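Listed next: structures, encoded as structure tokens.
What follows is subunit A paired twice: with subunit B in the first complex and subunit C in the second.
Let's turn to the complex of A and B:
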């Protein structure tokens, strides 16, 4: 791989990793799970969807029935509602097992796609300089630090590039967060005497 | 069941194997009157069997219902030798239980922290008081001393709904809990025993004590879920809230696998053509709910009992009243009973 492709790939991976960190793993899991719930053809999920729809239907019917004037009808609806609720609970317990399995694989997939390549790159191209500074940009001890541990002096290696990018993203995040959070204005203190009627 | 259930408690009275009969419902619907009536009918119909009526309601009224003083020991009803009554004071049983606990988990040696911990653990299990007082009752009945009578059937007059449910829930909750405790004591038992043993001077086999209790509880549980041995009679009045509570009670009982197939509907006016406008209006309301109940509980024994002019108290009055648990009340031919009661 030529240095530029390595640079670009690394940058993309690190950006993706940071994006996952900022959005939050659980958030990603949840939204993917929601998509799955909506579009899956799994028997259990279809059943759960039907049960929920039915229970909502029964609930509406029950609310529209006067318990005192049509006691028998109301109670039958109530029984049905209770029964549906227990069924829903049983099915959703099973479905949540599915959810756990899916989340497990999803978590694995996310870490494999973001963490593993980074380590591979680090190992494989550890001696590959990504780019050189123009001669005499920095004093030589600084250049030595920047090229640590195993790229030729005067260049930037993978280690340092990853460090810089991570620092850059987290600083950017900090700046954006700082300027996007609203700060409550302080409320002037009101003395008790001012409130009492005169 | 193809045939519609008949509107009487004849099936209970003629039942051969029933051992426990619970009578429950909301407060003020006539549970005590109903349980007394059921007991009287059982005793009258099966003169060679022995019956015991127990009130577990903290507000005892068996004494008032029979006009005879009962206590915590079974006492025969005057004029009906095969029926006895007893009133259990839950609080005093609790005190007994605590003493009992002390002997179960080692005598309370003053400030022994381990033993008081045991007491705390056992005391903090929800509903444990009821469980123990209930087992105490069963033990009391079960003991066959030479001069003590063996009862064929025990009728429980239970406290209003919430209390009843908690009481009945116990065997299953306790069973689960004891399973957990057993698991724990399997791991820590030896250590506990060591500690207790070194302090109390005698080794107390904690785990086996708990297992013993579990066996008892499981046995009770099994009996209560067997429809041949146990049944529950719900008492209600023909009003919305009472019916609602009854429905909840029935659902709850069914979730404990208890057998419920009789509902006594009390305090009906049966005033079809009376002069009293209020009575007529009220009877119309009662009829509305009665119709709903007929529809809702078609395979239950729905027993309809009249509202009498006075409180039903005393054995003779109870006998007159309880007749209609077996033979359905007919307002045209039986109307006289309303004013027939003897003044007490």
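Let's turn to the complex of A and C:
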């Protein structure tokens, strides 16, 4: 792999890793699960979807029926609604088990795709310089640190590139988050007794 | 009147105790001692009629006229203190006074006029023991340079309790207000930190623009930079100014280091870390903040160089 491809791949992986951290794994899981629920052809999910639609219809009919004027019809609809709710609960339990299994694999996949390549790159391209600094830009001891452990002095290796890019992204995130968050100054509570004349 | 022998005295004392116990109320006295006299449950032992046992046993003693001496003013038995009744007048015992009196008795001096009596005396003695003080004892603190007992108590969590009360107040409104105040202070610190980061970011980018725009960067070889040494000089000078001013700022504003890993460690386990190491860790947390800031500056330069090297501009 040429230095440009390594640099680009590493950068994308690090950015992805930080994006997962910022958005949150649970949020990503939920979004993917919602998409799966919408477009999946799984029998259980289809059944759940149909049951929910039917339940909604029955609920609407029951709401439009007067319990006093058409008691028999209302009772029948109510019984049907209860039955549907029981069925929905049973199917939901099965689907939630499926959801847990999918989330488990999804979490594993996210971890593997964002962590494992970095370790592989660290090991395989540990002697590959990513790019060179111009001469005399940094003092020699700093150049030595940046090239640690095994790239030529005056260049930067994978280890320090990962460290510094992570630092850069996390600090930018901190700046944006801090300026976008507003915390109101608390106002001290004054008791009524304190205001009364002595 | 003949004097009582030791055996007779002991026998009389035993009889007196037995008589008291047989009259009941022993449990009440025990409760007075343990301070449990607030119980609503009835714990009275059914009282027996005044028994003749005590009298008869006493009269069975071989000494003549002993019964009259028991009630007499110069009764030798009455001088022997009753451990069950001593010091109790039906009131709740004051623990501080009890400890003080116990200590004074055990120390073998009872000077009621001394001002350093009671708990302060106790603390003074602890202090002297720990510091290898006036009694000449080779105390625990002799090697360690002395430990203040109050510090010791504080390090065991005493100060944290007081601190928590001060921080969070006592009423729900005060607790809520103080929580909000802490969150607000924390946010203010974060804003300050973010501002410092922005200033550094802008200055480093300006520096790169002024001195680094003529740099030609490469992915494959090290190139010559006409302004390289000037860039380095200005960069290092800026760093020196940033770090020095930040160090003085952190030294005055301790909350600024709250986010560092070492500060978190200190907050969690600070009570169990000896004072010497605690100070070292506090200093280390300051340097951690400085290092983190320096790495951010370096990362700006490196990221800009990487983009320019990758896309050749």
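Methods note: the second predicted complex is superposed on the first by the 181 of 198 C-alpha atoms of A that agree within 3 Å, B and C clash if a C-alpha of one lies under 4 Å from a C-alpha of the other, contacts with A are read in each partner's own complex, and residues count from 1 in each chain.
We take it that contacts are C-beta pairs under 8 Å (C-beta built on N, C-alpha and C of every residue); 3 or more make two chains touch, one makes a residue touch a chain.
As the structure is a computational prediction, the values presented were derived from the model and not from experiment.
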Putting subunit B and subunit C on the same copy of subunit A, do they fit or clash?
fit
Between subunit B and subunit C, whom does A:134 touch in the aligned arrangement: first, second, both, or neither?
second
Partner chain in contact with A:156 - subunit B first, subunit C second, else both or neither
second
After lining up the shared chain so the two structures overlap, which partner does A:174 touch, if you call subunit B first and subunit C second: first, second, both or neither?
second
Using the superposition on chain A described above, determine whether A:165 touches subunit B (first), subunit C (second), both, or neither.
second
Tell me which partner A:67 touches in the superposition: subunit B (first), subunit C (second), both or neither.
first
Does subunit B (first) or subunit C (second) touch A:75, or do both, or does neither?
first
Once the structures are superposed on A, label A:188 by its partner contacts, choosing first (subunit B), second (subunit C), both or neither.
second
Does the superposition put A:53 against subunit B (first), subunit C (second), both, or neither?
neither
Apex subunit A: angle to the C-alpha centres of subunit B and subunit C, given in degrees as a multiple of 10
80
Comparing the two partners subunit B and subunit C, which touches a greater set of residues in subunit A:
C
Can you work out, in whole Å, how close the C-alpha atoms of subunit B and subunit C get once everything is superposed?
12
Residue by residue on subunit A, keep only those touching subunit B in one complex and subunit C in the other, then list them.
none
State the interface residues of subunit A toward subunit C in the complex, per the touch definition above.
2-4, 7-8, 11, 130-139, 142, 146, 154-156, 160-161, 163-165, 167-168, 171, 174-175, 178-179, 181, 183-186, 188-189
Mind pulling up the subunit B residues that touch subunit A in the complex?
240, 243-244, 247, 251, 289, 291-293, 295-296
Seen from subunit C, its contact residues with subunit A in the complex are 173-174, 177, 180-181, 183-184, 187, 190-191, 193-194, 197-198, 201, 212, 215-225, 228-229, 231-232, 236, 292, 295-296, 298-300, 302-303, 305-306, 309-310
Subunit A to subunit B touching residues, read off their complex
67-68, 70-72, 75-76, 78-79, 82
